[in-house]
Structure formats: structure tokens, C-alpha cells
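Quick one: structure below, then a few questions.
Chains here go by letter, A, B, C, D and E, matching the order in which they are written, and residues are numbered from 1 within each.
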Amino acid sequence: MRQVGPAIIFGIAFLALWESAVRGFDLKPYFLAAPSKIGEQFFKNYSRIWEASMVSGGNALVGLVVGTVLGIAMSFILSRYRFLGELITPLAIALNAIPIFVLVAVLNNMYSITSEIPRRVMVTLVVYFIVLVNVAKGLTQVRSTHVELMRSYAASEFAILRKVRVPNAVPYLFTALKVAAPASVITAFVSEYFGGLQNGLGSRITSNIANAKNAAAWAYVLGACLLGLAFYAVSIILEGIARKGEAK
Amino acid sequence: MRRIAYRSSMFVVAIVSVVALWEFYKIVGPQDGGKFFGVSILPRANDTAMPHVWTMLSRYNRPEVRGSDTKIWSVVLSGTLFSLRLSLVGFFMGTTIGVGLAVLMSRFKVVQRGLLPYLVMSQTVPLIALAPLVVSWGGKLEIGSFVWPRWLSASILGTFLAFFPIAVGTLRGLASAPAAAVELMDSYAASWKQTLFKLRFPAAVPFMVPAFKLGASGAVVGVVVAEISTGLKGGIGRLIIEYAREATGDPAKVFTAVFGAAALGITMSGLVALSDVLLMRNRPKETSA
Amino acid sequence: GGSDDEATEDTEAATEETTAPAAECTTPTPVKLQLQWFTQAQFAGYYAAQDQGFYADQCLEVTILEGAVDITPQNVLADGQADFAISWVSKALASREGGANIVNIAQVFQRSGTLQVSFKDKNITSSAEFKGKKIGNWGYGNEFEIFAALTKAGLDPAKDVTLVQQQFDMAGLLSGDIDAAEAMTYNEYAQVLEAKNPATGALYTADDFNVVSYEAEGVGMLQDAIWADGSRLEDPAYVDTATKFVAASIQGWAFCRDNVSACRDIVVSKGSKLGASHQLWQMNEVNKLIWPAAGGAGMIDAAAWDRTSSLSQTAKNLEGGTVLTKAPDAGAYTNDIVTAALAMLDAMGVDTTGSGYMPETVELLEGGN
Amino acid sequence: MSALEVVSTSKIFNQGTAKQVDALVDVNLTVNPGEFVSLIGPSGCGKSTLLRLIANLLEPTSGSVSVNKKTAAQARLDQDYGMAFQQAGLFDWRTVSKNIELPLELKGWDKAKREARAKEMLELVKLPEFADLYPWQLSGGMQQRIAIARALAAHPQLLLMDEPFGALDEMTREYMQGELLRICGETSTTVVFVTHSIPEAVYLSNRVIVMSPRPGRITAVIDVDLGSKRNEDTRAADGFFRSITAVREALRGTHAEHAAANAVRGVEDR
Amino acid sequence: MSALEVVSTSKIFNQGTAKQVDALVDVNLTVNPGEFVSLIGPSGCGKSTLLRLIANLLEPTSGSVSVNKKTAAQARLDQDYGMAFQQAGLFDWRTVSKNIELPLELKGWDKAKREARAKEMLELVKLPEFADLYPWQLSGGMQQRIAIARALAAHPQLLLMDEPFGALDEMTREYMQGELLRICGETSTTVVFVTHSIPEAVYLSNRVIVMSPRPGRITAVIDVDLGSKRNEDTRAADGFFRSITAVREALRGTHAEHAAANAVRGVEDR
């Protein structure tokens, strides 16, 4: 209760404020929908939101997993071969700096506009970068006593990686995952804006906004939020498992 | 200095390798993409999807539209600089908010438990749902002689994407101060603020640096997407979408703007990397292999 | 249209006052116009009116705001950040149902310019043949006619076709990912014709494609119209400004009808990034949507309006919903302002029907240059 | 008035779990103003824990601690404490001199005064030329001396030191002992000092507190009668050896007892 | 054949900068197989640095180090070393037992064997019941004992220990000394041992190396002639006290010289 209590109270306060702002300032639905209306739409369209979430969430999940794996792998390589790190890091940064919209457009042409691959590639890239940046730092920010100790055992770089760097990078990895979880969701459906199959949350949001059905659009946004929160919660649970018993 | 020269030459090597890979793929790759088990895995190597590098480069030196005498490179350059300014504003606002929130959350666990889930959720709200709201509210805002400039809306959206990684990273960093050091500060009855500035922030630096990197690229993405979505003129985002419309007939053109956006991202993260070097220069170096 | 009586009276009163000579203009009235999209010949009339001083003649100082992906012009208008907006009727009516108090005061485009383009070998010559195909569209509310056509052909958009959102280019069609792509006569269709056919090395020609025109299919909806802020229409000064604005705009369109390449140049000089031949094509095609205008340019044809509104209520989208849930109320449009504006133009000797209009033939160059 | 009063205080870690550790049980201790008290006892007997309780860094499971008639919490807030931990605990990002200045900054001293004091302390620990280096550039013993300098810099009323001289060579150690006594004598600082060296405890203290582990508690209190002025000759004094023997005896008892307890536990545990 | 040979080795930190430190200058040292050698000297004289050079954790600025006729690098790769640092350096994320198993894992021992050895080592350092706790739940002395257990676990050929018993109480310390001698004797391990305690150095060693700082170098080598079997009686032996006195004299010389050097430097510096 102490864990979720404040969140619930805060949430209720926020929604109440929103609702009263909409009513108080008489904001029209085309502009901003009231939470009550959004909730109504959410329950009305529950199964559609679920279906669309499965599509976008599936893309996000694939990208999250692949991106995390690649990001970890690359940061391992980077921590081992400085040379490669200096080669690849600026490229990774540049790639990540290209806005999603554009890359998807380019990727859609490179693959097929009806393929989910560009969207997944996009999520992968975003997640990959987040994981890379954090984990690479975690792998190098180790205590020098520890590295010296391992060297005195003639531990291979790989052993040092496994026994010192990796455990040290674990908190960094989870920091990354906490950022990457919501980012994967937003990327998955922002990738839908530019084109492609119209079966995910992103296209539902745009088409509802275009229809001035703001409440319905935000109902899908709510779906997206819950999806992101679910991903986030999973990363917290994983962290709890991975780091149980350790120093606070 | 030598270090910087080395890094730059590495960067050049990296670019050259990518160019080589790109052109190599154009030779060996399938024109219409490759499929494995019915899933297209290999991208298409044709000139529309992947124009030749020299086609893209030479496009820079040709006029933007026929008859005009402004070359594309100057348009892309000025667009990049314009967006850079907005990104910097977004990044600094994002840093302020992100660090502020992290401090607040580390100070009051209640705030952390209450707020963090919503910060997470906020990051999944698509910009498309927010952009019109920000533009509209901004447009209505007038405080004294301050009139909301349109570009500020784009910076705000940059802030929106920048603050989150910064908040999460800083929060983690603030918690990473060694227990013994915290005890020391406690024994001095150091105020919360003193502990924050003299212990927690310095200890958080290794966590904050990657967070700033992500924040910087978040700011860029936010600004560029905002330019696309609100149609703000002058920036690289706007150019990208305008050129994208011509991708059917002039596929190289959109790439010129895409590279501009990439340059923007590199510049921003270069600035952050510089701060990394400055902040970490007196820390114990990890013994090198 | 029968807007309420008081407003009508006000409008007339205001119109009479404005017939006073425009010459003694000291402080021009500032007007902000929100477009639907970036600068291109689709909006040439407004740019021409600005460039040729037609607005200035009416003592208006017009600022033209470009559109963007997420800029919904009718919402910007309802929000008070623009005085007038250009929007498609169905989209604007959806906003109106959502509480945006906006009124159509001039229907600039008399016809729909939306096509569904496909390669000849796909054999898609009518909307009935969409079944089982990958149907491209742009989303953002530009796809309502497709839903209308599907509904008319008895197809379920969620099951009988695969809907694919197109990018801002036509690559999806050309690469074969999409069977039939949505295209405006004045823009995307031209892009297709500006692209090189890798098989022949020459540009594609109209013969390579089948074209389904929604106007011809009977499901065309009204498109570009000038919308005004309904809440301000009770203010005589605003009505006066609206009348002058519509008049000068139609004057601009008439100018473009008669000076196609001059208007192309105006648009290019306003910063359109699209190439010149493309822009010329667009100007010509847009003219075809406006002229000839039997009842005078900008007049809202009740039959076309009713068709648009009924299609908006019946065409089922992917989610099984419709654009509008009920018929728009009578206040959604008024011909009063455009009538007054046309009267002003007639007095000035401007041809507002274009009965003798003949389109030009435009040759497209590679890449639209 | 007593400078420090620990009244039937206990500290139990992980209470109620399988890993419960009775670190301290029913500890009573009174220290007079200006008195120098040493804690001695086998590893793990709760010396550091007791120091932490006094410094209000841990809350006792039961019992109470008061300092100068204030609660420990209040004393901490009044910045009455100076502490040197078992591990030097210097801040990597501060130079040696800035590390020493830390408590002074927190007391709001101005820059010039701080720097002067840091310089003075560096002379005291004989490391004046290392002011601008970073801690990780120093040897272990040097680091510990910096930590001592930091603890002494603000002339605290109650000085708590946890094996501060552990990493020092004998010469430096004896020198530091002398300096510590001098400073504390001049400023009449009350000191609670943890050490493993019996001669050190005897040389420095007015009283030596002997502790035993599992559960941690005080088993003997040995008064050292060497007068208030101590110097090199003290180490040869009769009273010095007598006290050393007394402490050693007390400690041996503790150890023997502990071993016996362990044996019993051993049976219980398996 | 010598087990360890250090030939005219120097180590200079920050060479050529304003912060240059001559940590070691022209050090020569030969250690025979199975020999126990102690390094003793004032804080900052380069003991830890020398140990690091031997362990190939630092590269000498000049000179060479060879171990069992191999280069130090090769010896390290052959996993000939066991090390215990001045700071315990345990891994916070591993339990006590897992910490001890670490070098065994790296040697590729299987799980059962590792666990058996860890258990055995924990008995040796008298902390068997703490196997499943995390290091931060232990007292300082306990942590150090775990670090010693870790260093001994793999029975290395060359054991390098940097003040391993610094945080131990006298009883435990003497017990650990005895155990160390026993183990090293049984496995004929060569040991280089850093300590600040003269009796400890003498009790343990065949030779005591006395060092002096700034620049760090070897000033005296004192052979201890107490035979190979040492026990409680050794501490009362005549040779024991003689050696202690010899080392003390050597150290005093070092200190006096150091103080004089400092005085001169002091003039130079300002």
C-alpha cells in the first residue's frame, strides 16, 4: 500500500484537476477531452484498444528485446576493443539523432511499406542506443581495486567482464531499461505515423485525432501509456530479481 | 588535443567504412529486397531506396529547386543551425526539469512513488497528441511583454523528450553515493542541500553523463519531430518532410536533410562528451589493459 | 443554407457598409489564414491575392500560416489563433461535431480531386475491385472518400481490404507494396508521372496506370473551403472582414485561372520546395477543381453539401465508426458571405464563373523540376 | 555533567529474520567531559556499531544515547561530532585539501579561514606538499592521515575515531598519538577511540572499555592511571605495563568465553 | 633458482609533470623459493607500489621483475599470484562465500570443489557462519579476514599481502599469523608481506626489508634467524627481540634521514 498509495493519490488528484479544468474552462472535446470521457471511450473500445496494443506492443517488445541484446553485446565489444568503440559510438549517436519519422520513411522504402520490419528496426535502434550508452558506462566505471585483483589472478578480459564489469553494470542496465521501456512503446507507434499497415495504436490515434474524436484518441493514448507502464513494471521486477540481497 | 585529433580521424574512418558498406551492399544486395521464410530481411538495393553516395553528395551542390540559386547545402546548413538552437534550449530546459525532478524524488520518497509512474506514462504519450496542445497553449500565453514565440513550442517538445532520461539517470546517480560517505555527511549534520551538492551530485556524475547523452539526443528528436508536426519553418525537421514529399522523383534530396539531422545529433552529443571529459578529469582512471 | 435570421441581417447590413470606397484605407485589418498544408499551388489563389494586392485593396493585411502534419486548421481557427482556415468539409464537420464552432463561408473547390491510382496490370478500374487488395491512403482524415467508396461497394474496410498508410511520396505504389494508392490529381498523381520507369528508362505515362476517381464514382466529398469562426459571425466587423477576405481570395483564384504560370511563379517565390513543372501541373489541376463554377466560385452547392454530409454519416471506417454521428446543423455553412463577396467582384468586373475556362496541357519533367 | 551517556542500549540487525545479529546488548557507558575512552575487543564485537549509535548514524533497537545532556540526534545537528571511520572514506573528486575543508565548509567558515586550517592540519599530519593531489594518488597510510586531519579540523566537542591509526607505521603512529593527545588536551575534547592495539589504548586513554562479541557487550572497564601529561617516558612507566596487562587479561577472558560460546553455538547450529 | 627477482627497478608517477612522484628508485630484491619476506617502512615509501610492480599491475618506469624465471607478466598469466590488498576490496554483489570462490572460479574449479574450499577457508578465518552474508554486513576486521581467505584459497605460488592484518585485534592477528605460517610452510609458498608491525614482520619473516621514502628505496635488509618452526615460544626468544631491535634501529635511521630530507625540501619548496 505504501508503495502504490502515493501513486494512486497523485493520479486521482491529477485526473480531478484535468477534469475540472476541462469543465471549468469549458474546453471543447475537439481540443482536449475530459478524463471521464476518455475513460468512457476506453471501456467502450476496450477490445479494439487491446488489439491495436498487441500490434504496437508486439513491435515494441521485439525491438526492446533485440535492442537490449544488441546494446549489451555492443557495449561488451566496446569495453573490450576501445578502437571499435571510438569507431562506432559516433555513428550510433548520429543514427540515433535522426528522428524516427525520417528513418522509418527511409526504411519503409528499403523494405516494404506493408512490413512491420521498419518499425521493429526503429524500436531496436532507439533501445539499442539507450542501452549502449548506459551499459558502456557501467562496464568501465568499476573500482580499480577490483580490476587489479582480477588482473593479479590473470583473469582474462572476458572473466573480468563477467565477474566485475557485468555486475557493476547491472544498475546501469536497469536505468537504461527504465528509460527504454517507455521509449520502445512511443517509438513503435510514432513509427506508424509515417505510413504502413493501419492496425496499431499509432494509426488509431492519428485517425481519431483527424476525426476530431479526441476522447477516443486519448483512449488509445491511455492504452499506450498502460503498455509503457507494463513494460516499465516488468523492468522493475527484473531488477528486483537480478539485484536481490545486494547493498542498498 | 592529440586525443581530439585521434577521435576525429576515427570518425572519418567510421564514415568511410559506412560509405563503403553502403556501396558494397548496392552491388551485392537484391534490387527488390530479400526474403527469408516470407519475412523481408534484406533491404532493397535499388536507387530509390538507397541512392548512390555520390548522388547524395552531389545533390548538396545543386540548387534546391530548379531555377533558384540557393544550393541545398546552404539550406541544410542553416536549417541545422536553426534546429541546433532550439535543441539547445530544449536540452537546457530538459536538464533543469529532469535534474529538478530527480532531486525532488530522491528527497521525498513519496514524490518518487507518486510521480515516477506518471513520468513513465508521460513518455508514451505520442507527440502528435501533445504538439497541437502545446502550440495552442503557447499561442495563448502572454506574460507581460513576453509573447510566446512559435519556436518555443518546438523546444518544449524537445524538453519533453529530454527530461525523462535525465530524471531517471540522475535519480539513480543520486542514490549511488556510498553509504559510508553518506554517514560521514550525516555525522557533520550536513543539511540535505549540503549533502546533495557536496556528495550526491559528484557521486552521481557517472550516471548523469549517459543520461545527458540520451537527453541531448532526445531534445534533438523532439525538436525535429515538433518541426515536422507543427510545420515550424527554418529547421531541419521541416526540410526533411518537405524533401520527403519528393522522394519519389528525387530520392537523394531527402537524404541531404537526413544527414543534416544526423550532424545535429552528433554536435549535441559532442557537447555532452566534452562535459564528460571535464567532469571526470580528476577521477581515478580505471587501469587500462 | 439557412443560417439564423439575425446573423443574416447583420451580414447584409455589414455588406452595405463595406461597399464604401476601399481607397481610404489607413490601418489595414490584420487577418490570419491557416492553410492545410505547406505552400503549394493548392493555395495559389490566396498567395496571388496577397501578391497582387487584392487583399490590400480590401484594406486587409493577410498573414498566411502554413500547415503541417499535426496542424488541424479548423482547430487552430476555433482556438482563436487564426481568423480563417482552409479545410476539407468532412474533416471540418468532424471538428464541428466535436465542439469547434466553425462555419463554411466559401466552397472554393467545387469538385473532389482524389484518385486511387494503380498499375494497369492490377486491373483496378472501380472501387468494387478494391476487394482483397492493399489500398493506400494518407490517414489524417484524408481517407474518408475511400471509406465511402468501400461502403458503397459493400466492402468492410477492416476485413475485405488491407489498408496501408502511405508515406508522403508514392514509392509504395511504384515498388509494388501497395496495389492502389491514394493520390490527388494535382499532386501525388503528378509525382507518379514524374518518376522514371526503371523498365523503360523513360518517365511513366498515364497509360501505365488505372485511375479511380471518387468524384466519378459518386462518392466525392467537398474539399478545400474557407471556414470562419462561428462565434464571431455575430460581430458585424468580422462579417465585413470575412466578406472582403472571400472576395479578394476569389479574385486571386480568378487571377490564377487566367495567369497559370504567373501563379506558379508566385507560389515558388513564396518558398514552395516543389519543382516548377510540378507546381505548374498542380496549378492547372487545381483550376480544374474550381472552374468553371456555375453558381460563382465559392458558392456552396446544397446537393454536393448534402452528399458530403450523408457520406460522412454512412461511410464506415476501420473501427466501424463514421466521421459524423449525426447530420450537421444548419449553421454549418452559409452562402450569405460568398454571395455578398461575389456581388462585390461582379461590380468590379471580375469573372467569377469562369464559364469559358479551358485547362492547359502541362508536361511533367523528371523529379518535377 | 557527563559528556556522553549510553543507557542500556541494544542494537540488533535484521531483527526477526534468519540472519539476525545481536551486535550490541544492554550497553551502559558514561564518559566525562574531556575524557579519553578507548574501545577494544575482538573483531565483530560491535565497536563500530557502538560508535555509530553514539554518532546517531544508527538508531538503537532499545535504550538511549545522550551527548552533553542532549539527545544524540540534537548533538549531531549541533555539529558536536568529529568522526574518522575505519575506512578513510575520502571523496575522490576533491583534492586532499578540499577533503579536509569539507566539515569547515559545512560549518560555514569562509574560504581563507578554511584554507589556512587545512594547511595547518596538513602540516600536523606531515603531508603539506600533497594538498593539491587527489586521494587516489596517495598511499593507504597517507589517506588515513588525511581522514584524521579532516576529523580534527573543526575541533569537534566529541571526537569518535574508528581505528584511525590502523594503516600507519609505528613511528608515524606514535607521532600521531602524541599530536592527538596534545590537541584534545588543549581543546578539552572528549574522545571515544576504537583500536586493536592494547598499548595504544592504554597510552591514550583515561579508561579502556573491553568488549566481547556475540552478543556484543562491555565485559570490563579498566581505569588507566598515568596522569594527564603523557610523553615518551609514559611508555616506560610502571603504570603503563600494569594497565596493559590488565587489559590483556580482560581481553583473554573475553576470548576464552567467546570460544566456549562458539563451541556451544556450534552444537546448536548444526 | 630464485622465486622472485627485482632488478634496479624504478617507478615514477606523473613523470615530467609538476606532480611527479618518485615512488621507487633503483630497487633490487631477490627472494628464494619458500622464503617469507616482509616489507616495512614509513607510510608512502612505496611498499604497495613495489607489490603492484611484482604483481605486474604496474609497469616499472625502468628495471625488470621476474618471477620463477618468467617475466612478471607471464607469471601473472600463469596465475602464480595470490594477493590481498590494503583495502579488502570485496565484491558487494557476491556473498562472503562467493567472494572467496572467485579465484577458484577463474582457475576453473568445479562448483563442489570450490564450495568445499570456501568452507574450509571460512573455518580457517573463523567465520564459518557468515558464508551467506554480504560483505557490507560484516565488520571491518571480518571483511579483511575474508580477503585473506580469498588470497589463500587457491594456494598460490607467490603470495603478495599488503597489510592484511591491519584491522585485526591482537588475538585474531596472532592466530592468523600462525595459520599463515602453517599454510605457507606446508605448501612452500613464497610470500612478500607488507606490514607496519615490527614484531609481526620479525615473527613471520626470513628477511625483513626496510624501506625509506622520497624517493622510495631499500635502506636495509635484516635477516631473521629464528629457524623455520615458529610458535608462541618464538615471541619470547632472544633472537626475536634482537631482530626487533635491529629493524627498529634501521627504521629510525630511515625516519631521521627522511625528516632531514624533508627539512631540506621544505627550504627548497618555498
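As a convention for this text, a contact is a pair of C-beta atoms (placed from the backbone, for glycine too) under 8 Å apart; a residue touches a chain by one contact, two chains touch by 3 or more.
The structure presented is a predicted model; accordingly, all values stated were derived computationally and were not measured.
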Required steps from chain C to chain E (each step between touching chains, minimum): 2
Label of the chain whose CA centroid is most distant from the centroid of chain E: C
Farthest chain (mean CA position) relative to chain D: C
Distance from chain C to chain A - Cα centre to Cα centre, in angstrom: 39
Rounded Å distance, chain A centre to chain D centre (Cα mean): 50
Where chain B and chain D are represented by their mean Cα positions, the distance between them in whole Å: 51
Centre-to-centre distance between chain B and chain A (centres being mean Cα positions), rounded to whole Å: 15
Per-residue overlap in chain D, given as positions that touch at least 2 other chains: 87, 136
Of all residues in chain B, the ones touching two or more other chains: 44, 48-49, 127-128, 136, 179, 228, 241, 244, 247, 284, 287
In chain A, residues with contacts to at least two other chains: 31, 105, 109, 112, 144, 148, 151, 193, 206, 209, 247
Chain D to chain B touching residues, read off their complex: 52, 55-57, 76-79, 81, 83, 85, 87, 89, 91-95, 102-103, 105-106, 134, 136, 160
Chain A contact footprint on chain C (complex, rising order): 69-70, 72, 75, 78-79, 91, 94-100, 134, 137, 139-143, 162-169, 171-172, 175, 177-178, 317-319, 321, 323
Contacting residues of chain B [partner chain D, same complex]: 178, 180-181, 183-184, 186-190, 194, 198-199, 202, 205, 282-284
Touching residues on chain D, where the partner in the complex is chain E: 13, 19, 21, 40-44, 47-48, 86-87, 126, 129, 132-133, 137-142, 145, 162-163, 166-173, 196-198, 251-252, 255, 265, 269
Interface residues, chain A side, partner chain C - complex: 28-31, 45, 48, 105, 108-109, 112-114, 192-198, 203-204, 206-207, 209-214
